[in-house]
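Labels run A, B, C and D following the written order; every chain starts at residue 1.
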């Protein structure tokens, strides 16, 4: 399926449901796909950070992506993360995603090894040349410890290496300046800017972003679709109110005790606990070595779902 | 081959020679093994950071490790890096290393995803339980962006999860305090502390470290063996003088222009250029997307080899 | 003059004009005050980061604050930065500001020395108790290397230690969550949230912030006042368009060459060059040791003022 | 008193004893001076980080420095910290120190405001030109968030701007390379390299450093003098053993609970609690807003003093 040019709308970065033994649960993953498509998702993003891509073996990644492609069945595009350290490894991941039917590939700058901006650009060009799928750059400094510069992104948008950017940097000022530069260069019709910051989607859309890839959109995809549609229609007060409600719900990422577990384990555990409480997935297990959410945290997640209007 | 308990001496983290097209060159890798064994290396470490592990595909990693195991032929232990993001992926790497004949596995804390200290400990325990080889923790904050705490290392030394530590943190004060704690707990006879800091090997040995894993030891393994033996014999002034000579030689990691390439590309390019100039390997290519060393930099490397007494 | 509760609107953080020898130029500073008041500034903030507070001696700080208080002459409130490392030193700065007629004090968390959140809260409480002026917390992680937590700010808003927050953290998601919590606790009528992020003012106001403290508001205060009024009236598309124009103008902070000078020297030099080109101040000198803007950079600043409609 | 060229030996960075109300206690400070001079200190350093310089008002700084100069009475040189954000402010501090009789000034790179290396060099040159005292650069990245580059230090050593370096960066590899470069350029006879890293003094001396400025040397100056003299005599095993004992004692900096107080408050509180238990100073109060050490922590400090042989 061809990726829209530019990609826009709500693109949930799908969680990867696991069973109690830690294996990928394709049935729950298919149910999650239905959950987000029923709400109006414009595409789905498998094997991203919310999909615990960093925690899944290659075999698990393949199982998960196959399940997503099968469940989506061509209704919307499937973006697939090709998360690995540097070019050769990303290429292997990207080729596997292409073979499994992904419609676009999402890749970060090199990590573990540092990289100069010229090397970062070369990295994306090599990936794009070797795999015949649209390529979206994933700017996620908390994970890869560098930020993609506007100059790099613009050069790669101009020469069509990149079809878009998923910006999880949290730097909305830089995002606005990038959007201005893309419009100045006539690239905003071909290059998609998607924010990954769940709490400032109204702001990103007001600045001209094309869409949103919200981890919290696993739990409440309908909320993000409403927010997106308010924004598209210029109903900014309503968009902000919806964003405020979602920001309240977002507290579920902090359900876990930071003295006992990582922020990631708390966030992923919170998303999965919510999806189980909503009846979407069967089991809230997160991948090792993430500490499981304790029962008290699950109670907190339930209360947040009630306050957010998602549970009675 | 059984790993000595504790492992000690000079353990070069082998570079991975590539041919001009970027494929692993087993012949050159075998020659590099001879270069370091002839100098007195106590073991070798394949697929570490100096081995460009982050830049090699799984197939390239297997080719490289197989070449090392074959070339070493049981003369010394072979440590193999199992460098990947989190537990499930590290396990796959560790199992592959075991299958290829590695004598020990070296793994870092989780990266890309953050991890709480309890999750870090759980990570190492799961890797050790699943793979029947000694496990060495690799503390390398510049790559993984966390530092292993002394408390975590001590707990994992006490319960025999870890056989040792490769400390590339550069924090010699913390290393000294860890060594003191290991001695206090009677663990210094079973747990190996190896420094990865090429410039302070004399200091680490003076503080009680068991050995050294020097990237620069690819280029001048004999120098590090002399340094180690001076230290073992209590000839500290001679050790420091040898360390000073090696610190001068270390400037080859900065041969590349930081305005044009990453520090890693300069360092790895410098090691490989030196090995080619010394006649050990055939080609100084580094893996993509690292910018190659320009000719002027190679000239600088040659001059440093001459100043360091390695070339006439 | 009493500070409005809560403070709202556009509050320019005044530059401190210097003459060619580096002395504070009170005449130019008075002209700058007129420049921003004529545009509709709701208050002014002297001795902030844009005021080169970190670069001014205590005597220069006093001269500058006196000039501002005199020039403002009670027309709007004068906020004064009390920028110093820890409590005792901030207290001295705050007392000096009070003696010179400031209407409120702005202080950061401790810096140079680290501080635990409990120590940060104690710091603000001690400053507030000792100086009988409203206290505004200044959250500026790039300068002080910690971020004020929402929990700390909420506690200090609840017990009336703080009258408001100037948020220069760039973390709009955290700002939104703070605003939600303030509304939940009924504190948004008494506690002012002011963003210091010049590029996302529309977004901060959409999320409920009360006002803005824009460094670029020295150069184009009328633009920020228009933006603020559009937002207050719910004209969000117009607000975003004005913000886009200002984001284009913001490029003047990058007029200097990063290979030759710090980002701060470039930004402050850019603001001052613009103010001189606009005829507001006499001299664009920045305080030592900041590298002066070269002539080519000043030409770039002029072009940006032309493009932004501020010069013909 | 003229500073020796180069300065060498043990230079304790004196704590600043306070009374229960937080005022500087000159009597205790004089006793501390006797404590370190009796042990063989080669000089003393007032108003450094261990002296809580960041926490003292200008008046308190003057009181403390006056007390030190009076107590020392010309027996050894007195170095004085001129700790402030940028050039103009450091100059005021340096002039005050000169007026009070300091024999040398110690200053950091600019902080709060960022600075380009060229601006850092200009900063030191301006301070040196304006104050007729030897100037020592203080490299303390944990406080000022930049590291002095070897190139900057070498240039400032070459042109006699700097008389030395106090290196609290913890980067012993960089220190060794700096020492090599100084020797290569014939500057090691005129430029003093002093380590501020209490746990690796043997290593720094083995690498060629001239002396040590150990915070822990407030508590056990005799230990550091023994360590220094062992090293000077080439008794490296004895030096390392003494360093090990001191590294054990160093645990007193962690007596406080990190969940309740900053690392700095714990360290300074630990030093002062030890000095009170040893009978050197009257009161262990640390400056606001540092959380005081709880009683259990003081008990821990006592035990460490007993284990270290400083209390029976």
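Methods note: contacts are C-beta pairs under 8 Å (C-beta built on N, C-alpha and C of every residue); 3 or more make two chains touch, one makes a residue touch a chain.
Keep in mind that what you see is a predicted model, and the values were worked out from it rather than measured.
*Asks:* Along touching chains only, what is the step distance from chain B to chain C?
*Replies:* The distance in steps between these two chains is 2.
*Asks:* Farthest chain from chain D, going by the mean of C-alpha atoms per chain?
*Replies:* Relative to chain D, the chain whose C-alpha centre sits farthest away is A.
*Asks:* Report the inter-centroid distance (CA atoms only) between chain A and chain C in whole Å.
*Replies:* About 35 Å, centre to centre.
*Asks:* Calculate how many whole Å lie between the centre of chain A and the centre of chain D, each centre taken as the average of the chain's C-alpha atoms.
*Replies:* 49
*Asks:* Among all residues of chain C, which ones touch two or more of the remaining chains?
*Replies:* Answer for chain C, listing residues that touch two or more other chains: there are none.
*Asks:* Considering only which chains touch which, how would you classify the arrangement: line, ring, star, complete or other?
*Replies:* It is a ring, because the chains touch in a row that closes back on itself.
*Asks:* With touch defined as at the top, which chains are paired up in contact here?
*Replies:* Here the touching pairs of chains are A-B, A-C, B-D, C-D.
*Asks:* In the complex, go through chain D and note every residue touching chain B.
*Replies:* 170-173, 176-177, 180, 197-200, 202-203, 206-208, 234, 236-237, 240, 243-244, 247-248, 250
*Asks:* In their shared complex, at which residues does chain B touch chain A?
*Replies:* Residues in contact with chain A: 22, 49, 52, 54-58, 60, 83, 85-89, 91-92, 110-116, 118-120, 122-123, 126, 142-145, 258, 260-265, 287-291.
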